[in-house]
Amino acid sequence: MASVTTPQKTASGFKISRRWLPYVLSLPALLVCIGILVPFFTAVVYSFQRYRLSQPWARQFNWGENYLNFLYDPAFWNTLKISLIYAGVTVVLELALGLGIALLLQKRTRINNFVSIMLLMPLMTAPALAALMWKLMTNPGFGILSYLASLVGLQNFRWASSPDTALLTVVLVDIWVYTPFIMILLLAGLRSLPTQPFEAAALDGVPRSFVFFRITLPMLTPYILTATLFRLLDSIQQFDIIYAMTQGGPGNTLTVFQVEAYLNFFQSTNVGRSAALMIILWAITYILSNIFIKNWLRLRERARGEA
Amino acid sequence: MKSLELKNIVKRYKTHTVLDNLSLTVAEGERLVLFGSSGAGKTVLLRMIAGVIEPDEGAILIGGQDMRDVEAEDRGIGMAFQNFALFPHMSAYDNIASPLTVGKSSTSSIADGVGKVARLLKIDHVLSHHPKALSNGQKQRTALARALAGSPPLLLLDDPLRNVDAKLRFEMRLELPRLLAAQGATVVYVTQDYKEAMALGDRIAVMANGTIRQIGTPEVIYNAPADIEIARLFGDPTINLLDVTPKSGPDGIYVELSDVQIPLPGMPVSVVGKPCVLGLRPEAVTFTTVPGSIPVTVEAETPLNEKTVTLVLTARKREILVSRPAGTPGPASGAATIAVDGSAAFLFDKTTGARIESMAEYRTNGEAA
Amino acid sequence: MHEKEKDLISAFMRGQVDRRGLLKGLSALGVGLGAGGTLLNMMSTTALAADFDWKKHSGKKLKLLLNKHPYADAMIANLDSFKQLTGIEIAYDVFPEDVYFDKVTAALSSGSTEYDAFMTGAYMTWTYGPAGWIADLNEWIKDPTKTSPQYAWDDFLPGVKASCAWNGQPGGALGSDDAKQWCIPWGYEQNSMTYNPALLEKVGAEVPKNLDQLIETAGKASKDLGGPYGIGVRGSRSWATIHAGFLSAYSNYGQKDLTLSDDGKLAAAMNTAESKAFHGKWVQMIQDGGPKDWSTYTWYQVASDMGAGNSVMMYDADIAGYFMNGGDNKMAGKLAYAPFAANPEAKAPTPNIWIWSLAMSNFSKDKDATWYFIQWASGAEHAIFGATKMDFVNPVRQSVWKDEIFREKLNKGYPGYVNAHDTSAPGARIYFTPQPLFFDVTTEWAATLQRMVNKEVPVDEGLDMLAESINRQFKEAGLG
Amino acid sequence: MESTSLLERILRGVALVLVVVFFMFPILWIVLMSFQTNETILSVPPSVIFSPTLENYQALITGKLTTAAGTLDIAFMRNLGNSVFLSTASVLIALLLGVPAAYAFARHKFRGSEDIAFTLLSFRFAPPLLVLLPLSLYFQKLGLSDTYFGLIWVYQLICLPLILWIVRGYFEDISADVEYAYRIAGHSWFATFRKIALPLAGPGIAAAGLLAFIFAWNNFVFALVLASADKQPVTVGALAFVTASGIQYGQIAAAIVLSIAPVLALAIYAQRYLVEGLSLGAVKG
């Protein structure tokens, strides 16, 4: 008979008390992140100061003044409005489009798999570079899209340079870059759904719209929620695409939070206002992510419970 | 083989107490069955012994040695899981070999060890398969083989037959005692199936709500259940439970069913007038034509393999199950009469649920104490 | 080296022979033009070394932060002679212009000691100076032990030099007596007219002489040509949109961006009746004859269109026109230049200027050595090298503009360029009021302009709103 | 689902073609552009007939850019190298730190573990500019400015929470019993982690790593603010073709193509993990 192990003998030299193990394992990651917390608090302090790099002598705590000023600052309300619109529009459109494409590609055929890999290409393109690409394509002189638009009668379609179409244009780029992200999430979701309910429904001759709304959608909810969370939080912080396309213009059409804060810091060197804007943005994302994650954890628990 | 001793184990999850001051001793080489419905705390207890869950209070001693601060890998335990818990990325061979690869065993000695236990469990032909290519039965055997491979002095089996089909369960129920005997290990076996418990256990510990309600040999558990709950858990079909109030007569204590007196020999006088529950195993009820028996109406008849179970209704619409060996005659419908063996009946206190001991038992137990 | 050649070059160094005479003499001696230039460079290096201890900081290392720009390229091409002269090692980082100033701000605001000197514009020093990030260079310029006698600080174009000096008081006049020299001009741009004679001829128009003519010509060109548009100006949401053609024309009407009251308070001045009239015209010009996506236009788009023959005129940096007339541009060699005074009643053009300058980081670990570099890079020798051998236009030294070879090079390939420059030069300076909120004011101004061009807001109303907003910001910042 | 009419199949086909055109056309166009000279690019109307040239790629790879203002040195290949190095190193370190932490969060519900996990995740959603600017000050004081080390640290802001969150989900989905079984068989927690948990979570870890790599690769502002020119990634490097002497459209296009290529190659190589793993992981996480 094989040896009976004794309490003293261990299989490997690695031995950490069970009580401390989780802390030991997570500590390095925590330390790395805590290093990043310090500048975060510094930023909070800045946001309570009148602080312009170009007027160092005037730097002082003004407490909530930066925030209070926002109340009657139309530029701020415009920023808030445009950020929310941008996030809302992109997420809704990308979700609808992503779901549609995922449904098209649901079957595991060779073509579908190939197409789904191809569709990932935009996601591989850095948003800053994607914006550059679209800028080239929408150039009114040699841009292919402008040319195509002129062929269908839109002679003076001005893309990102007109306030009427600037939002549309950056949203288009955002859709181009990020719809594949949602598509791939939902595709995996669809493909991992159990087949029985669908077979049963097909046998019973249940109408397909009913199947879609009563079976597919509910079962896909955790995936949709995850996709929405990731996209919403990224989208409300959009910077690369908008900054590269229009730098927030034309006019104040696209001065979303990060663009406004960036310009505030780098051009106006108004550190206080820039920090206050960021803190507000952070608060919005924190609240949103909290709501989403709580809901989603609950959903997941339920899914596990059923399984 | 090693003895196992649990002393005053307490485990709480948040406010819920899972194990409540539980103590238990398993002798060297003994096969103890932990029996109870799900949620009774069996699995938690087993994992605690294995060392993957820590008790909040109390001590676990294996071979007399306190297991506090002894990690799972050092406890010298073999364990089979209800869900098999096979390593999905390893072949059956590697699964079984896993307890043997600790330390510096040679490849050939590992192969010997695996081969031996695989032959014992008749899975030597599927050793190269990965778990997903195994049938449920093969998985179960692989899991058992893995638990046995290291020849652990203490074997923990967590309801290993739960997830296999009836036929296989039946086979294994016959085969396991032999296997376990061959191992010569101390065994703690968890199950929810009373037949398994009866077939495999030297002793059975019945658990409910984090405590051990009764511990004893299978015969004791069946023939002298500590309370209604245990009586109901053991036996198929389940025991008939009828509300009664014992009375005292010239021939001693009796209860009435449909105005027929059923004597309960040896019952203490103290039960008279107390609301009680009469426990009648279906085998203790027989169809009879003797006058003065209880008139009933046959509601339904269910032939099982080796017996026939009949549901009858008394005049007061009380349901009673009657069991008779298959092939023996009995009414299939209509009116009939039944007789009850009062000496095989249990009497339970309705308020506490505890079985009321007969005078004889009381005396022996009293002496023992 | 032959004695005769040496003598000749020494004579040049002493100022007895002009450059053309020198090269003529050299070629007579059998030295080719290219070799002559190299020789000249070598000799200048030797000559420079003669009167001043250039080797004082030999062995030290400096690092520069540079914008991707022909000036930087020209300097890098000539770095070897600096090393020879001083023995100082130079390392440099070049960043694309899109992100260059953000990088400068990031480096300086963090107090980075990495860079000793960097390229900047005068406007930026209005932030950097008060923030304490850059050194007042007067300390070195005026110290004969640190500045070579050959440096000739007086040689710099006065308007350009003054535009880089500011006393740090919000609204304080540029180049005042108490001004600090925040940076040394290196190369500069006048905003004037570049045009495409062939296209203009097609339209059948003359080069416009004032804004009204420009509006008409540009509008006509856009309409008639069916492809190329009339006039290229910048339009992105940035200070740069205001600073180029726009402010040059605006100033020509005698308008100001801000006013400074006697008690030192700043107030917006762009909502006067004259200003509103001017804005109206400017907006009309863009609507009738500007590029379709004007509001994304930076100097690159304005210039690219010119070079590709997609626009008839541009009212922007003269040097942008210069570059578009060379290289592999479609219109290379086909462009021409003219001075432009927007106001028919104005006597001369008043181009607002952009000055690429060199500034010294206050965090530099060796400022004296850094000054050696700045001194060399802004010195006459390097300016001549850059202007004649590289595309270092426009030089900021009067002596270079007098250089015959340089003038001839320009006159030959760039018709009207020198004339446009010389005509405009007396009025060329920065017309902005220096103050800490420069970028806030100009960015918002550009945004307002965009809204007017897009007809989101009428000109009058837009300017009133702009002035109101700017005044509020001044109050918030304690300046108004 | 099985009975699809002909009409439906046609409609599906058309929809699929439209989708492919919308998402692929820009890439195709940029690839075409990268083989054209500035002159052909700027011709109106745009044309697909041109004689292809390799000079854009040649310029990028040799580092010599010929413009109106003469020949310039460009550091695009260096930018590309930086991107590869920064992204790879950041992801490796994030895996090294994040996977054990994810394991701890998944397996050991210790006091406050949920809160810590959420806080870590919320870093993923913090506006990067918020911390970046004060960070540049601290980096200056700590001597981390303009070091690869400092950059990789900041890149953890992108990589670590992502890996932590996704991989945690994978670990949670491994039955705890499987790990218990291995430990009870006599193996230490570390051996169990190595032999059981890691291989079983493998696809998820690969997917998370891949995703983190993409995000790191696409990053733009971190290096710009914190490092000097010799440490800039391609996203900044591609802007270098906007020069005072004109925009080098052909080279921009070639630069974009070259900067997408490595990630794409990686994605195609690891597509199995990407399509199934990545998406499952994100949901499970």
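All chains are identified by letter, namely A, B, C and D, in their written order; residue positions are counted from 1 within each chain.
Keep in mind that, in the parts below, a residue touches a chain if its C-beta (ideal position, glycine included) is under 8 Å from a C-beta of that chain, and two chains touch if they have at least 3 such contacts.
Quick caveat: nothing in here was measured; it's all calculated off a predicted structure.
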| item | value |
| --- | --- |
| Partner chains that chain A and chain C have in common | D |
| Relative to chain C, chain with the most remote C-alpha centre | B |
| Chain pair with the most C-beta contacts | A-D |
| Centre-to-centre distance between chain D and chain B (centres being mean Cα positions), rounded to whole Å | 57 |
| Whole-Å separation of chain centres (CA-atom averages), chain B against chain C | 94 |
| Inter-centroid spacing, chain D versus chain C (mean Cα positions, whole Å) | 39 |
| Where chain A and chain D are represented by their mean Cα positions, the distance between them in whole Å | 14 |
| Numbers and ranges of chain B residues touching at least 2 other chains | 71, 73-75, 99, 102, 150 |
| Sites on chain D at which at least two other chains make contact | 42, 44, 133, 137, 186-189, 239 |
| Touching two or more other chains - residue numbers and ranges from chain A | 5, 10-11, 15, 18, 141, 265 |
| Residue ranges of chain D touching chain C (in the complex, touch as defined) | 37-39, 42, 44, 66-70, 72, 133, 136-137, 139-140, 145-146, 224-226, 228-230, 232, 236, 239-247 |
| Complex contacts: residues of chain B adjacent to chain D | 47, 50-52, 71-75, 77-79, 81, 83, 85-89, 98-99, 102, 146, 150 |
| Of chain C, residues touching chain A in the complex | 101-102, 105-106, 109, 126-127, 130-132, 235-239, 291-297, 305, 308, 310, 436-437, 439-440, 443, 446-448, 450-451, 454, 456, 469, 476-478 |
| Touch list for chain D against partner chain B, complex | 175-178, 180-189, 196, 199-200 |
| Chain A - residues contacting chain C, complex | 50, 52-58, 69, 75, 135, 138-141, 156, 158-164, 245-252, 263, 265-270 |
